[in-house]
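Dropping a structure here in structure tokens format, bear with me for questions.
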Amino acid sequence: MSKMITVRDALNEAMREELQLDEKVFLIGEEVAEYNGAYKISKGLLDEFGPERIIDTPISEMGFAGMAVGASFLGQRPIVEFMSFNFSMQAIDQVINSAAKTRYMSGGQIACPIVFRGPNGSAARVGAQHSQCYASWYAHCPGLHVLAPYSPADAKGLLKAAIRSNDPIIFLEHELLYGLQGEVHGPEHCEPFKAVVEKEGTDITITAFSFVLGKALEAAKILEEKGINAEVINMRVLRPFDIESLTQSVMKTNHLLCVEEGWPVASMASEQAMLVMEHCFDYLDAPVARLCGVDVPLPYAVNLETLSLPQVDDIVQAAEKVLGKK
Amino acid sequence: MIVDKKTAQKMLAKMMLIRRFEERAAAAYRDGHICGFCHLYIGQEAVVVGAQESFKSGDAVITSYRDHAHMLSCDMTPRGIMAELFGKKSGYSKGKGGSMHMFSIERGFFGGHGIVGAQVPLGTGLALALKMQKKDNIAFTYFGDGACAQGQVYESFNMANLYDLPVLYIIENNGYAMGTAARRHSGDKALYERAHAFDIESCQMDGMDVLKVQEVIAESAEYVRSKKRPFLIEAQTYRYVGHSVSDPGNYMPKEEKQQYKDNDPIGKLSSYMLENGLSSEEEIKAMDNDAKASAKDAYVFAENDDLVSEDELMTDIMEDQNV
Amino acid sequence: MSKMITVRDALNEAMREELQLDEKVFLIGEEVAEYNGAYKISKGLLDEFGPERIIDTPISEMGFAGMAVGASFLGQRPIVEFMSFNFSMQAIDQVINSAAKTRYMSGGQIACPIVFRGPNGSAARVGAQHSQCYASWYAHCPGLHVLAPYSPADAKGLLKAAIRSNDPIIFLEHELLYGLQGEVHGPEHCEPFKAVVEKEGTDITITAFSFVLGKALEAAKILEEKGINAEVINMRVLRPFDIESLTQSVMKTNHLLCVEEGWPVASMASEQAMLVMEHCFDYLDAPVARLCGVDVPLPYAVNLETLSLPQVDDIVQAAEKVLGKK
Amino acid sequence: MIVDKKTAQKMLAKMMLIRRFEERAAAAYRDGHICGFCHLYIGQEAVVVGAQESFKSGDAVITSYRDHAHMLSCDMTPRGIMAELFGKKSGYSKGKGGSMHMFSIERGFFGGHGIVGAQVPLGTGLALALKMQKKDNIAFTYFGDGACAQGQVYESFNMANLYDLPVLYIIENNGYAMGTAARRHSGDKALYERAHAFDIESCQMDGMDVLKVQEVIAESAEYVRSKKRPFLIEAQTYRYVGHSVSDPGNYMPKEEKQQYKDNDPIGKLSSYMLENGLSSEEEIKAMDNDAKASAKDAYVFAENDDLVSEDELMTDIMEDQNV
């Protein structure tokens, strides 16, 4: 690795490189072309690749998602940008019924090489309709890969792999990570669809993905000062879930805290509790714990919003509680 | 309206094959070989058969769950379709898809879709791909009168117009969406006029007369192919049977049904061919016997075919199980 | 209780009684009026209440769901029938963003008294696009009650309570249960939004909801013969989840098997594993186990379909495995 | 076009209040009091203000996220709105909603919706409720040019036609959906014509001239009220500012913007009133000062208001927490 760039630029670079490599790749979505993307992820791509490959759409999520899926049936490789994954709810029938299920329903005949990407989860004070996390919904459904990058290296390497995959991919970005800086690999490198141990530790495993992974890493530093050596795993692949990385770590630390921005019920955290039951129950020294977004439509008021989402201190306290120190 | 003997015979044979195939499918359903949904096309044959004459290699076809006829019109095999209806391993989807979910890339058939209206954006996307690939091809996108109440249809029209996509939209207006008569779900205005709101040209046609259909679709397909623009046709047709095999269709007034039956596409083309010396009674009879034989052959084949291996339960979900 | 009727008739009776009681109640959906419902749930209602209150719609799920939500803002009490919950994906933005979140986003000002009901999950051989179970998706989202009745008594009593509630309700029926017979209560009775212990037992808790509850009850009989006394809980309320019923039972039996028709990942079963972690971990004598639908779009072929869904024997074996007998 | 002094003054005052309120909101955003999205209505004032004259008690209004002006037109208080923008406890949603999510049952305002197009079925449903309740009321349902690309809009039109619903659809065509010019998202045909496809009558109007707006909406609201039928109006208007406070709006050509500014609704009505002796320069100045004072008062009020109590985090989710 060499260059320091932002997640925003990493995503841009991934798309640019893949657009250069394969003329079947195209980008479609609202404001992706002339406006360079609502969050400027597609900056410069229209200039370089022209309007046939960088396509502005009307506000027709169900329509353009379905259209992109149709194009993929004939071998094109669309990248669909949802301006926010909240708007993917309008298109979700096409994502699940037309994209995720078609390979199976066709007995393997029809591939659907498509990436649905865009910011997922909360941003800053955008209210309940613009802040939902769709990780567990998409992870629930067979036929998809679900990725949730954290760092620029994740963003670039996973997006490149996603674009090259012949399967439909849900690629969950996070608005509050777009400015995050980090190193990235060169144009050849794709990241494997596996979790990453961001910080090794021995006392407790903390899993997190997307924006709250940053909070988990901060919390681990504070825990360190308190004499607790947490292992922090970047659960950037939510489907198929990287069970091995999870269980290996839990077998070492014997404690698990799952941090997640989304709502708690039937969440990725819930899933991890079950996976631990299935794979390494006997290694647990304490029950698996979750620290999720509060079970409420995200409020706008600053004090309530802060309370609704996992904060660094909350993570520290939750970890201490798992370890019986609180 | 000029049609040569060969074309007329080809169309008649295909309509007969569809009719006999569907009758066999209905029988197979009663016999317990086919389960779940099974939507028959009996009465509507003229639409896909009239259209098939405009199909060129590399074109794409997509439709709803009422799809057996569309597959036959793409020259997919009766055996492969029937085996899929039976849920057997030689079915087009190895039995995994069933009646509503079959595909053949080789024959240009892209499903078979169970969600009303969903095939319209998909078909628009097939056209987008054809455009991107700079092909001289078009996407035949079929949907029902009931599907016209789906918003995604208008999202598609708008984009097909904006992007100049080579898509031929064909509304198969058979008068009903399940038990709901078209005027009860769409009001009094003709459906084809809705295209105009999105700057797409359109027309209506008698969907019971295959010669008329063939002519209208030839012209409009040519428009789409040469102008690289969308076009919409509303075919007025009728299904003689219920919505799915289990629906008795009591909501269809007897006289209405009889009117259409009196206008039967197969009977009509047969008469025309007889009158114009394009075929003899015996030839027509022989063609029908061939159709019956094919349908029966498909049935027997499917009955004797094996179920897909249980090992296949978890295959075909994703290509990259592990990247 | 007195009368023996089917689930179909129980649902019909619940709607009829509530339509009689409150003129603000109305039923809307595809084929609900003149056709008497695709599954005849609304039989006779058009005749009794007329087309102003029993309303056939075009095939416009997003539109009519949103329209019903809008009507509820002004105090009407719509019952929205989705011909299948699979089609609710087209309307899910209106269900989540407009129905579930509005009370909160309005600071409590706007109520949305609406019931979304219809068959959910598999039927017989209807293929992948018509067989998805939406239980865990809806249970994930705050602002909703999610109910999944099994028996005629559940169906009638819960639907009546749902129609009377001032909250948006997801009411998940099952096509294969419509013909199930059972007793129901009279017109006054509403069921509480709580789970029900269908069979008491001491050795293992088996939770299930909707159609597979029947299989769990059959399995319990077989287990009985094998000397295993299973407690079977009808988890008919999925949100807010009835944690108390779950934990009380697990504290007694010390073993838990969660049976579910839907896909395993981030499922109600996963949630129960986490709830046990949170509430009664120390009472577990073995890890919580799940028996879910196989993680695959439901195949049409009869042999594969059977393999994909939890069958009685599978439940028996899974229970034995939890108890270390296999 | 006849308008009395009182009405003219009322409309001018309301347009001024909206303008000054929005300017204050922009300032508050820069000051860090408002966060997230904040969509201003500057330039479009004539539309809601012309419409408010047709609003009768019991009518319902619904719109998108660009909603401050609609609330003011419903006589919701500047303080309550600004407090909500600040996320404070006296806001219409106790700070839980924010800019895009405010409501007032008392004033007939039903949001404030963040999902483009979603308010159109909702507004159609308000009309359904009004019809069921046999009220003499109508539902004003506003949406943007960009929202016209949403399929649910046409699903709504179709149902409003089928069920004869008293809904007045008002397209606020301000020429852009975020950075996309209307012709790039909707093609060349006028948006109001799309209603015809669904048998709904419609018209287009100059949305910069409040007197014209008032007249057209009076007539069409009367049509909806008396005929119990939907109607659609396309207002041609313009926003002088970017899409949300953080959008510089560079895609809007300077000359285009200037053309509209030269046609400013406040300036235009002011001139008309001066010319026709309906107000003096001083009166108009005083009205504007009042508007500024109200906006400032709202700002100060909101600034001094408290945050909602943390105990409120988990309230207002459901009524029946336990049944």
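We just call them A, B, C and D in the order they show up, numbering each chain from 1.
The working rule: a residue touches a chain if its C-beta (ideal position, glycine included) is under 8 Å from a C-beta of that chain, and two chains touch if they have at least 3 such contacts.
Since this is a predicted model, take the numbers as computed values, not measurements.
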If you tally contacting C-beta pairs, which comes out ahead, A-B or A-D? Let me know.
A-B
Determine, using the mean of C-alpha atoms as each chain's centre, which chain is farthest from chain A.
B
Chain centre separation in whole Å, for chain D relative to chain A (CA means):
36
Compute the distance, rounded to whole Å, between the mean C-alpha positions of chain B and chain D.
46
Rounded Å distance, chain C centre to chain D centre (Cα mean)
40
Would you pick out the residues of chain D that each touch at least 2 other chains?
93-97, 101, 113-115, 149-152, 155, 158, 162, 184-186, 317
Touching at least 2 other chains, the residues of chain C are 57-58, 60, 62-63, 86-87, 90, 93, 97, 104-105, 127-129, 142-143, 295-297, 299
In the complex, chain B residues that touch chain D:
149-155, 158, 161-162, 184-189, 193-194, 196-199
The answer for chain D against chain C in the complex is residues 60, 62, 91-97, 101-105, 110-111, 113-115, 118, 120-130, 132-133, 151-152, 155-156, 158-159, 162-163, 315-323
Applying the document's contact rule, which stretches of chain D touch chain A when the two form their complex?
35-37, 84, 87-88, 93-101, 113-117, 146-147, 149-151, 177-180, 184-186, 251, 307-308, 310, 312-314, 317
In their shared complex, chain C is touched by residues of chain A numbered 62, 86, 89-90, 92-93, 96-97, 100-101, 104-105, 127-129, 132, 136-137, 139-143, 239, 241, 262-271, 273-274, 276-278, 281, 286-290, 295-297, 299
Spell out the part of chain C that touches chain B in their complex, as residue ranges.
30-31, 34-35, 38, 56-60, 62-63, 86-87, 90, 123-130, 294-297, 299-304, 307-308
